[in-house]
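Two complexes are shown next, each including chain A; its partner changes from chain B in the first to chain C in the second.
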Partner chain A sequence: MRSLQESRQRWKEFNAYNSKDSLKDDILRKQLTSSPCDGIRSLCWKLFLYLPDFAPPTWSPVLSSSRDVFTTLRAKLLGPLETGNIGIYDGDPDHPIDPLAEGPSNPWSKLRKDEELRREIIQDLERCMPDHDYFRSEKVQKQMLDVLFVYCKLNADMGYRQGMHEIVAPILWVVDNDAVQADFEEILENEKYMLEALDPAYVEHDTFSLFQAVMHSARPWYELGEDSDDIGEKGNSPIVEKSRMIHEDLLMAVDPQLARHLKELEVLPQVFLIRWIRLLFGREFPFDQLLVLWDSLFAEDPDFTLVDYICVAMLLRIRWELLEFDYSMTLTLLLRYPQPKHPNLPATFVSDAIYLRNHLDLSGGAYIISKYSNRTPAPVPMLSPAQSPPTSPSRRGIRSSDSPVRRTMSPIAGQTARTIPSSSGLDRLVNDLAKGVVGRSKGWGLGKPIERLMEELQWNKPFENEK
Partner chain B sequence: MTSRLVLAIGDLHIPDRAAAIPAKFRKLLAPGKIGQILCLGNLTDKETYDFLRSVAPDLQIVKGEFDVEAANLPLSKVVTHGSLRIGFTHGHTIIPQGDSDSLLIAARQMDVDVLVWGGTHRFEAYELEGKLFVNPGTATGAISSGWWAEGEEPIPSFCLMDVQGSVLVLYVYQLRTDEKGAESVSVEKVTFRKELPAPPITDKAI
Partner chain C sequence: MTSRKKVLLKVIILGDSGVGKTSLMNQYVNKKFSASYKATIGADFLTKEVLVDDRLVTMQLWDTAGQERFQSLGVAFYRGADCCVLVYDVNNAKSFDMLDSWRDEFLIQASPNFPESFPFVVLGNKIDVEESKRAISQKRAMAFCQSKGNIPYFETSAKEAINVEQAFEVIARNALAQEESEDFSDDFPGTININLDNDQSGCAC
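For the complex of A and B:
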């Protein structure tokens, strides 16, 4: 909750914009310093996700109707649970409804299903954002629970899926935090629009509307494939298909070397992409940086097609490490994405993604790679057919997994080595030496311990290309 | 939020006087349906205890005179649901056993709105002085040492309680056997409202 004084200043700045586009441009331009959404983010998200028009006088009907919808839904879906009046006392008093009877028409089994759904959600909420005291409060967990419950009841064909709670959490935090408590006597004329949009009485309502708007685009990522069961991501679930597309189409177009490398290592893209995408990168970046990333994403593309390109941009930024790492190190790196450092904060992935969307080719990829590492990837034509025939992936795969030492002598790696600037040359040398040790130690029967040691050494190595 | 249904069950006497909880009861008491169990004692074995635990992990239990293996169980307990305090005890310490005046004294001493007791193997539910008294009977139909009319036998029964605010709805489950020996479960409903002028005593004993 903010004071009127605090939000008044933000609102003044906000009024300098005259359209969604001007606000969006400023968000994308300023992402290196601070977001124009700070302090008034709740309003900005509403604007990008469900308010159709920028002009403040047009907000009121949309806000009140979306709030009414939630009030009605909540009363209908949650009311019976809270008041206990679920029709279980109706009917013939001589033939009471048996609470223990099975059958879908029994209101008691409906009640049991609802209670089960709520238990399932609560289980996740208890572990949600463990470092954030805000989310430990009972009131906050109840609000998240009710929002999720109403959404899941509305989307009963899908129900609750793990991850949704981590989408709701930042939304609720933003809406709650940006709400403004004000006395209506002290407000200026046009501030009433802001106060209506940031009304603390409707935190839960607005959280639901925002969550619903996000899920409108994010829902397919949570769906299971047709021939898959409830246990695993089998079959052709949309998210697995999307991961495959990001790897084999998008990444292949901008950085074929990295795409092939990941394929050789047999790193399944869905292993890390499911988490990246379903949580909208919520686990990959610190909370405050995540909000700024969402600002840019919501402003640029509320349909979230940009998410695919953001994933590619994230892969490109760590591509040099990825190219050198083995399977387990690669997975560790992808599932523990390095913390972006100033000025390359997470929001820059959005501008990279926009660039990649417009330049989905080798030069586009090379531009993004060199932007953050000052190194350009080996030009693909250098892989002349003689050196690297089309069938080479399997051959190279065997080699590189067999002996990491020999890989440095392969034409591709040799090519890369030549382009390394001197600053990281030493590091590269250490790396190669380390791999040599690992390779030899395998012969001595010391493979495992030394490998682990080396892994640790390399893990502790700062990601200097980020600077 | 777990299920809000509270199960009152007791006087099972397995394996000394009955082999098992009737199959039709076991089928009804599937896991996940019950939020809390008030067990009035005389189980008397470990398997029955484990079964009840599987029905609902929140198993509140008091000691019957035959629960010799569990010496540390309390003789009575009180739980709160909605605005109702519900006390329960096996009843062998209330003398004369099942006497309504003695039960009323016990209910006042425990300061409860509802007193659940057992020991007589006979279902009863009545209001007295604004308090509800419930005896769920025996879940197995185990014989009792009390007085029984010629040809009369204990009927297997248990109770469910659903508390919303100050209203308690009691569901009574009884296993009936017709002349041909076919079993069926009957369900009856009794509603109790706290702090309303007490209606005439309704003795639901069969």
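For the complex of A and C:
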């Protein structure tokens, strides 16, 4: 929690920006020093992830409806556990149910399932960020538990997956830390916007909204791929497919020597990328530096396609070591990524990633490699476009489709003009729920879980009054 | 085989979330215990060089996330394993009940040449916890291991370093035997002997 005094200065500085883009540009420009989000990060993340507009007067309705959604979900989903009133599960008091009966319709067995889910989550929360005192507090663990529980119930087809807890943790820390206590103090007219966005009464609510917005993009990385259309060749899960793509397409395009070296060592990319990606690099870097990396990532690309390029940038930064190492040393290095030193702190991977996204070719790779090592990779004779057509298989037996194609006019370049969607997932979800329109939320991949939830909970009732 | 080439043994540690896989591996490799290991995400990796009958071998120990089902790491991850360590918590009956499906699924994914003789080792961890919390008796665990082709069984405490060294010695030995049998597998299909000296297997507590 911050004092009004403290946040007032930050808010003043914040008001110097006039658009999300101007804030984003400054975040990316200041990566080497401090982030403009410091002290007001909770608000910045909300702006990038679910507040549709930069203008403060537009925030209030989105904030209050997102908070209402959580309040309602929380009451519906947590009520039975907290009150022991299982009638909430089944609205028919005239037909008592045998608590020992098996089957999905028995509210008691639902209650037992819920308790099992909570135990599973608690097991990870107890060992979440062990070096960080904040997360040892019972109150904090309960807040994380409730946020995760509500999310997992909403996404019952996936449930709780390990790693989600370490996405929630930094979010809660930021929202809680940046909340502003301003009781009985005189405030300036436009400070009310800041105070509403950083209201300490809604720490858990806002954590949920941010978590849900992050998971909107991150969810596929947690999916197992069973019974799903996302299963790639050989029945791989989406994260294994993504890892393969990062290695064989992206890295191969910018540094074929490293990509082939890892392949020859038989290093499976998912072995280290699962953790890098699922936790959004949370275990790879110190906590404070991670937050600054997230500032840049959320500002630049709330859909997180940039994550793939961040992984490539991280590989390029240690490529000379990797090329020298044997299998064991390579894996040890990849699973214990060296701590970046000033001035090349973790946020610089985001700038590198943006560069690579726009220059997905050998020269783009060479530029990033030499930027940090003053060494340029040796030319790759077999794959130089002047010497061999890009479709010919390499002598090392790598499939021709893996060969990088030199893209002088990369289609990726078009992505530089990407802007943040005008209406975020959460916003749309809020609207849809409020209107009782389930169908439209399907576009956000939330259709199914919400439909199911509504069936289970006779959902539409709480919103009838609001119409 | 007379060559003394460098031997690499791939060992995969499986079991439910929270049974102590990471702790066991760290106790064995680093001789350290911490009550605050984070949940493993995906997989982790440590190596250790050991002498098995005067042969220097490098063990590549793969710690896996307990919640991970096999699709997440992909089939290739399990291929070429020389030994699979199945861990459960003696105070948690469910983690014991799951051993069978961990074993079955491993055999499907790793598809070793001779699944019936592939070396497993079962570890019942957390025996330092007070006796009243105990859910699975040693007798029951040993009966299970016997029924699955005499899998060596150890009761361990990663916290108090009980039986960890002994268990991994057997793991190394059986992994080496597996590695060598694979080299010979064309000539001598499925003949490795996983029976051990009685005083090494079983519980020393």
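Some points to look at:
Criterion: the second predicted complex is superposed on the first by the 361 of 467 C-alpha atoms of A that agree within 3 Å, B and C clash if a C-alpha of one lies under 4 Å from a C-alpha of the other, contacts with A are read in each partner's own complex, and residues count from 1 in each chain.
Methods note: a contact is a pair of C-beta atoms (placed from the backbone, for glycine too) under 8 Å apart; a residue touches a chain by one contact, two chains touch by 3 or more.
None of these values were measured; they are calculated from a predicted model.
In the superposed pair of complexes, A:362 makes contact with neither chain B nor chain C. In the superposition on chain A, A:283 makes contact with chain C only, while chain B stays out of contact range. Applying the stated contact rule after C-alpha superposition, one finds that A:28 touches neither chain B nor chain C. Contacts of A:73 after superposition: neither chain B nor chain C is touched. One of chain B and chain C touches more residues of chain A, and that partner is C.
Within the superposed three-chain model, A:328 lies in touch with chain C and out of touch with chain B [touch as defined at top]. In the superposed pair of complexes, A:187 makes contact with neither chain B nor chain C.
Overlap of the chain B and chain C interfaces on chain A: none, as no residue is touched by both. Chain B contributes residues 1-5, 28-30, 32-33, 160, 162, 164-165, 169, 171, 173, 187-189 to its touches with chain A in the complex.
On the side of chain C, the complex with chain A involves touching residues 8, 17-18, 34, 36-45, 47, 58, 60, 65-69, 71-77.
Residues of chain A touching chain C in their complex: 120, 123-124, 127-131, 161-163, 165-166, 224-226, 234-237, 239-240, 268, 270-272, 274-275, 278-279, 283, 327-328, 331-332, 335. Across the interface of their complex, chain B is touched by residues 81, 83-84, 88-89, 93, 96, 98-101, 112, 115-116, 118-119, 122 of chain A.
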